[in-house]
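For reference, the structure I am asking about is given below.
Chains here go by letter, A, B, C and D, matching the order in which they are written, and residues are numbered from 1 within each.
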Amino acid sequence: MELAPQMLDAGAKVIDLSGAFRLRDAGTYSRWYQEKHTAPQLLADAVYGLPEFCRDGIAQARLISNPGCYPTAANLAIQPLIASGVIDRAAGIVCDAKSGVSGAGRKPSLKTSFCEVTENFSAYSVLDHRHVPEILMVSGIEEPELSFTAQLIPIHRGILETIYFRPQNLSSAEALLEIYRARYENEPFVRLYPLGAMPDIRGVDRTNFCDIGVKFDPATGRAVVVSAIDNLVKGAAGQAVQNMNLALGFPETEGLL
Amino acid sequence: MELAPQMLDAGAKVIDLSGAFRLRDAGTYSRWYQEKHTAPQLLADAVYGLPEFCRDGIAQARLISNPGCYPTAANLAIQPLIASGVIDRAAGIVCDAKSGVSGAGRKPSLKTSFCEVTENFSAYSVLDHRHVPEILMVSGIEEPELSFTAQLIPIHRGILETIYFRPQNLSSAEALLEIYRARYENEPFVRLYPLGAMPDIRGVDRTNFCDIGVKFDPATGRAVVVSAIDNLVKGAAGQAVQNMNLALGFPETEGLL
Amino acid sequence: MELAPQMLDAGAKVIDLSGAFRLRDAGTYSRWYQEKHTAPQLLADAVYGLPEFCRDGIAQARLISNPGCYPTAANLAIQPLIASGVIDRAAGIVCDAKSGVSGAGRKPSLKTSFCEVTENFSAYSVLDHRHVPEILMVSGIEEPELSFTAQLIPIHRGILETIYFRPQNLSSAEALLEIYRARYENEPFVRLYPLGAMPDIRGVDRTNFCDIGVKFDPATGRAVVVSAIDNLVKGAAGQAVQNMNLALGFPETEGLL
Amino acid sequence: MELAPQMLDAGAKVIDLSGAFRLRDAGTYSRWYQEKHTAPQLLADAVYGLPEFCRDGIAQARLISNPGCYPTAANLAIQPLIASGVIDRAAGIVCDAKSGVSGAGRKPSLKTSFCEVTENFSAYSVLDHRHVPEILMVSGIEEPELSFTAQLIPIHRGILETIYFRPQNLSSAEALLEIYRARYENEPFVRLYPLGAMPDIRGVDRTNFCDIGVKFDPATGRAVVVSAIDNLVKGAAGQAVQNMNLALGFPETEGLL
């Protein structure tokens, strides 16, 4: 929020990994981040840097706002379901998210010290995590529709999100998977698991992939989607490189695994 | 299933930690455990060993079926909500469960080997875990109402379950907590967290406690309950000791932390 | 160093867990702790709180200096060997020490943050750890005779030290074990492993025990002793309780596992 | 031992990762591996695949015996010291070795199961590990001179060895480091740490590097060398690729980090 205006004034393109320019208006920002936005004039220009959804905008942007780690995994899984109308939105969507400790940043704190984290597992920011509005904005849902909880896994890196919803107009698990297949068939960094298997964090470790798997039991009308990324790659620096490649005209996968 | 009949014939009281006598009928057993029940005549006599719900029956029983680890944490959290009618059951209940590796037993396997588990997190038995029917039976809900997923945390012991539901006829978070307070005020092994705090696995490590915390946002109608136990104590051997104490007329808390 | 004098003036007995009063003179203190000692007048009165070696003094002391964690495991293993003359001291003694992260204290730092420690292992304070002079003092050896290295294990608690020496006048592994047996036969908190087995950290977890195991190969003249404690119990608070019990006339094992 | 003869007969070059062809004679093999060697006729042809010491032989060999993981880290650290004559061999050399769990192979066992390993640390094969003869052979020392202990760290991958010796004819720490500098100045996969710093396992994670650091205190005549590798890369598959590159005439660093 401080540096981006100076860099833009100097003529640079900016890819911002902070949360400063992810939301569309200063009021929403100040509600979730609990501080006043000091560069609101830039919000209209900022492009949300999720290439799978905003590729053209990113290529033209001078200010790219790199997505939060949780929203990256959540939106890649949820938005196609909303867009295709297979979620009974009245029943709500649950996104139970778990992250490795590096998601909290590098600054030492008691909460991220080894002895507090090892052999433990805990929930935090239940329902009010500041990444929630990014999910609402990108997936196109309202706050009452989404229950989001963040939880800390005693691992270095990686996010896994387990997403629950009540389907409507959905005939089979195969049809659920087909929604993702159609949406991501040309995407280099989204991988789909076959029916019967689910992603894990190991599978995306140190890669820019988002792995997605599905389960649907038509007899009981319950559906689950699991989405996994490495929070330090697709959830942060890797996606920033992907955005840089788009913004500078390089092949989108350059330098990425 | 093999040994219990012999022990009962010999006049012993039996506390069974296996899944053999937890469900009420042989058909449900064979659906979820995928094998024929060989001692169905004992099912009617078996008492489900969750002291908070079946204390009197346990004291009289000759065959006590010690609950599964996941259902212990789930039922202590869900049943009071069902009984008090504050869940909009049409919207469903999500129980996102996470367990340490000891939940899988001591027998060596690739899935529980150190190198597979460390720095990983994965979902398994999505929607079809064999502990599901125990939750349905004790909490009094139907299969379509419950979405249950088990997940593996890279820790030795402990279970944390994050439970999501849409409330009805619920005025405040305080009222939600009050349901548990009223239900468990005399229970030695259920502890409630104050509003604003949530249990973690460290807090119940090597104890027989089940810790429960709640969050409810009336403005958006979303509610979350977190329940934590040590799967090897309240989820297994500790609860068996608690049951033994009841069955033999010892103080219920004898030998337990 | 600041509080102990005030407490002693107020007539209290003091058990000090800091390093302030462990060494015998202010000069040695300032060399290893790199600060001036501000209460040197108390050094002569302070009793080193290793009950296995100083039980009578502890019972009479008004200022008990609780030993460091590394020296507790080291001295219990090394001193009996020095006292019995089975070490070829010219060849030197190696003490390769490993500790869980809680040994570094609770204050957050980058070095003890989860992401730095997990899946890592590192040496620190090679040859110049401030616990070295405690080992020299208690075991009765000179600085050139001891090579001590501290290393960080990615675990919460526990110390294991692997001690190497060249024996002299030692006939068999059985004779080596017998030295410890004779020395510790009445000690409640020292346990010896039989030949062929070695202690591990799990075995002393949350206990006040020091476990010791030995290996000696007469054909090649090489010997190894392994010593393990829980740094938070026998290495800190547990030993302080043991000292308190002695100082106040309680049974020495009161309140300890 | 079974497959290599068949492959060689078929005209292939063989890089063997087992221990079958690492030692020079069948008798030594059967002593340490406790089984009869079934292809002793190949031992004379086998070249020990440590490129830093046997580069020319590897390039010409048809049977390359890839070194054990512990000996790779040990020999790269010890051999230059022996060759330069700075070790007082009468005092002996201690190699205190620690390895991640993958060193034990992928086959499930109780010893490598998550619940046994996490929050633990243990010594095994004290003085009699089967990798000992490889160190003796390559570094040119006798069994009584070396005390080697293997220990299990609760991490996935990586080896750190702490090596202790009494120097002779060594003037300074700088001179100690210079021995390695002279020996490895053209080696692409050996890195030296500057005085005052020591390698850790994180630094070599997923790389083919062996990192070495030294400490020497001339006043007391004690010296320590720390050596670190990734046991799955420089300690196994990476070194095999390095050997393959040499054997097939590719650039030695091809495909390696």
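What we mean here is this: contacts are C-beta pairs under 8 Å (C-beta built on N, C-alpha and C of every residue); 3 or more make two chains touch, one makes a residue touch a chain.
No experiment lies behind these values; they were computed from the predicted model shown.
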item: Shared chain contacts [chain B and chain D, defined touch]; value: A, C
item: Relative to chain A, chain with the most remote C-alpha centre; value: C
item: Cα-centroid distance, chain A relative to chain C, in whole angstrom; value: 49
item: Distance from chain C to chain B - Cα centre to Cα centre, in angstrom; value: 43
item: Where chain A and chain B are represented by their mean Cα positions, the distance between them in whole Å; value: 32
item: Residues within chain B bordering two or more other chains; value: 116, 118-119, 154-157
item: Touching residues on chain C, where the partner in the complex is chain B; value: 118-119
item: Contact footprint of chain B on chain A as seen in their complex; value: 90-92, 94, 96, 98, 100, 116, 118-124, 126-128, 143-144, 147, 149, 151, 153-158, 160, 162, 164, 166, 198, 200-202, 205, 215, 217, 220-222, 224, 226
item: Residue numbers on chain D that touch chain B, as the complex places them; value: 101-102, 106, 108-110, 112-119, 154-157
